[in-house]
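Both complexes shown next keep chain A, but they swap its partner, so chain B is in the first and chain C is in the second.
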Partner chain A sequence: MHIPDGYLGPITWITLWLVMIPIWIIAARKLKKELRTRNVPLLAMGAAFSFVIMMFNVPVLGGSTGHAVGGTLIAIILGPWAALIAVSVALIIQALFFGDGGITAIGANCFNMGFVLPFIGYYIYRLITVNADITSSRRWKGAGIASYIAINVAAVLVGIEFGIQTILYPAVNGKFQYFMYPLSVSVPTMAIEHLLLFGFVEAIVTLLVVRYLQQTDPSLLRLSDRKIVQDKIPAGLSV
Partner chain B sequence: MNKDTQKGLWIGLTILIVLTPLGLLATGTAFGEWSSQELQKTLGYVPEGMKSEKTLWQAIFSGYSMPGLGNSFLHSSIGYILSAVIGICLIYAATLILGKFIAKREEEQRNENS
Partner chain C sequence: MKIPDWLSDGTTCPCCAVSVGGKRNFVEKTLVEIASMMERSIFSEKYSSSKGFLQSIDPRVKLITILLLIVTTSFVTKIEIILGIYVFTLFFAYLSKVDLFFFIKRVWLFIPIFSGIVVFPAMFNVVTPGEPLVTLVHFNSTVQLWIFQFTEISITKEGALGALLFISRVAASVSLIVLLTLTTRWADIMKSLRTLGVPQIFVMVLSMTYQYIFLLVRVVQEMHLAKKSRTIKTDRTGEGIKKEQNWVASRIGTVLMKSYKMSDEIHSAMISRGFHDEIKSHETFRIRNIDRIWTGFSLAFITGVILLNYPV
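Coming up: the complex of A and B.
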């Protein structure tokens, strides 16, 4: 799902940079209010986890590969704005140092995997787990379902961004300038790969970790319930 | 986050790092992430945009491999694991630094609450 340089024309990648810049600024402001310094190592670990999980390429029909992202998981624990920052950091390091995802496409990749994915995943999870006890099975099931849907939405979005290139930059003398397959190919391909396989990989990773946390440290699953920081705690109690 | 969870998460992360070479077993290329050579083969040409934007930036550990290491599975695996370690260190550091700037300090919080 890491769009490389040269696949999106400037209209698309510049637009998505312009969309992402204010979103990053809003995220920084939100976290200034909501993120506690003692949760920063957890955020860093979330970013590291997302990075390493994306290295597990899974083969799928037709010689293609894909991987999980972990964005919904981070959002479940730390909230969607924190997940946005964590996944963005991972994606930027991947682009700069490992050539995974393009430099011009950082805006697009952060939009798909860093913004849309964790936000969709987070809100579906919240919807499913309304009034669910922290140790309820609804939590891990909800985490699985939410992360499955979220990665599929992100995948379809990537398919759309790819496919519209053939409309924005039609072929000249039979040669395309950027991405070369139409929406009717790119969207179904991205969707089917994720519906059949990568969505399940993402769901299993997410629900296993949520289940593990339910058993070992359920308080972590309460962090985002309280929006990471309780606004009205007495001074003496905020340890 | 209690100490045990923290330990558990680090152990989990370490296991994942050691297992990353499993990700190399998938030999194909992700949809929409083809190299110029692959495109040359399937399309018969390389789109102009890809030629020009390709030269924008050369990542040092391109493709999660270490410069100077061979192409055998063993060498790729070592490169892949080292990439995971380097990547995690970079990401961990970057997030901590970012966190320093954006996270709310406990003292400030206490001041506001009191």
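Coming up: the complex of A and C.
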């Protein structure tokens, strides 16, 4: 789902940069207030984890493998704003040092995978798990459903961003300048791919990890609630 | 620091390269991917410390000019000019003492090949109608497939040129960023990001993340290696897959717990060393004449490219 440079025309990538900049600023302010000095190491480890999660190949049917994005999982643990920063940082490092995803497309990639994916995943998860006990099966079922929906929404968004290129930059002398397939091709392709394969990889990973955490370290699943409590402690008591 | 050749040599002894069933399973795939990632970053350090042209440019200047070049490439719509930018990157890779074969391989191995698969159908008249170059099949009647209608399948001139434009833009952009990261130490790139106005907190998180990625990747590698060395027979039945998926999930969960705990420890370590929510970085960069020349040259190059592409 990483969009490389050259797929999106300037109108699209500049717009998505302009959308992301205020969102990043809001996130940074929010986290600074909530976490104080804790934010730097916590976000860095969150980002490193988000990077590393993409290195885990998950076996799926027929000997094939796929990897998860993990946006929903990180949002469930650290909350959506921290997930936004963590995934964004991971994406920027991938673009800068590993050539995975474009530089001009950083705005677009962070919008799809860093903003839309964790926020949708997180709020669907919260909706399903209202009043659910920490060890309740509703937690892992909710995590699976939420991550499946979230990654598919993100994939459709990528499809739309690809598809509108033929409208924004129509063919000159018969050849297209940027992404060349219309919406009627790009959206179904992205959607089918994720509905049938990557969506399940994401859901399997998210629900199994949540279930594993329920059995081994349920306190991690309470973190995103606890942070609000922590915020109420007077500044002098918590460093 | 330069890594000696015998240390960066990736060939393993045949004794520890036994694979069960002949086909690579997910454990081996993961191990190979991690190894190639490590190798890539080791190579990066190798080139950033050699004494070439781009290595001598101030990192801030280099970062800004290369980012401007990438943005410019995105605006260019003529194939000749984009190919020109690509040749430009090859030339400066050569001047910077980067092995050209390695550079080309590094660039093309990733994105452009994937983009080639994406762009392949667009070469045909089914997607891009136009003047046929090679006709592969001719049908007697109009064929209706999904939303496409066609009477023949042929590669069109417009399609081929469009595909070439697309691929060369992707390749030129990737080449530019690879050129930057191959010739610059990551710590210098991080410091330079501050001069672009990226807030301190982002730069701090970025550079800390980069360091800990390697630690976590090592942890993941050890997990997979431990599993591989304990696996005698790979089970490919349905139940086996479920078991393997559970194993992967449990390892991801473990990495998560480890990294959360580690963030606590790092925080305590930072506080006990006097961290106050602010980091003072020592700017040691100095603009020299070679930086002024490079800036002038690249700005002239960018202006030339824009004027050639959009004549006034």
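Note that in this section the second predicted complex is superposed on the first by the 202 of 239 C-alpha atoms of A that agree within 3 Å, B and C clash if a C-alpha of one lies under 4 Å from a C-alpha of the other, contacts with A are read in each partner's own complex, and residues count from 1 in each chain.
The working rule: a contact is a pair of C-beta atoms (placed from the backbone, for glycine too) under 8 Å apart; a residue touches a chain by one contact, two chains touch by 3 or more.
Treat the numbers as computed from the prediction; the structure is a model and nothing was measured.
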item: First (chain B), second (chain C), both or neither touched by A:Ser184; value: second
item: Touching partner for A:Ile204 - first (chain B), second (chain C), both, neither; value: second
item: Which superposed partner A:Thr12 touches (first chain B, second chain C, both, neither); value: neither
item: Touched partner set for A:Ser224, first chain B, second chain C, both or neither; value: neither
item: Chain B versus chain C as contact partner of A:Met1, first or second or both or neither; value: first
item: A:Phe176 touches, of chain B and chain C: first, second, both or neither?; value: both
item: Contacts of A:Gly99 with chain B and chain C, given as first, second, both or neither; value: both
item: Which of chain B and chain C A:Arg36 touches, first, second, both or neither; value: both
item: Residues of chain A that lie at the interface with chain B and also at the interface with chain C; value: 4-7, 9, 28, 32, 36-45, 47-49, 51-53, 55-60, 63, 65, 85, 89-90, 92-93, 95-100, 102-104, 175-180, 212-213, 216-217, 220
item: Residues of chain B touching chain A in the complex; value: 1-2, 4-6, 8-10, 13, 16-17, 19-20, 22-33, 43, 45, 47-54, 56-64, 80, 83-84, 86-88, 90-92, 94-96, 98-106, 109-110, 113-114
item: Complex contacts: residues of chain C adjacent to chain A; value: 23, 25-26, 29-30, 33-34, 37, 40-41, 44, 67, 70-71, 73-75, 77, 106-107, 110-111, 114-115, 119, 122, 127-130, 147, 156-159, 161-162, 165-166, 169-170, 172-174, 177-178, 181, 186, 189, 199, 201-202, 204-206, 208-210, 212-213, 215-217, 220, 236, 241, 244-246, 248-253, 255-257, 259-260, 262-264, 266-267, 270-271, 275-277
item: Parts of chain A lying in touch with chain C, wherever the complex brings them together; value: 4-7, 9-10, 13, 24, 28, 32, 36-49, 51-53, 55-61, 63, 65, 70, 73, 77, 85, 89-90, 92-93, 95-100, 102-104, 171-181, 184-185, 204-205, 208-209, 211-213, 216-217, 220, 223, 239
item: Interfacial residue positions of chain A with respect to chain B in the complex; value: 1-7, 9, 28, 31-45, 47-49, 51-53, 55-60, 62-67, 85-86, 89-90, 92-100, 102-104, 158, 162, 169, 175-180, 186, 189-190, 193, 212-213, 216-217, 219-220, 229, 232-235, 238
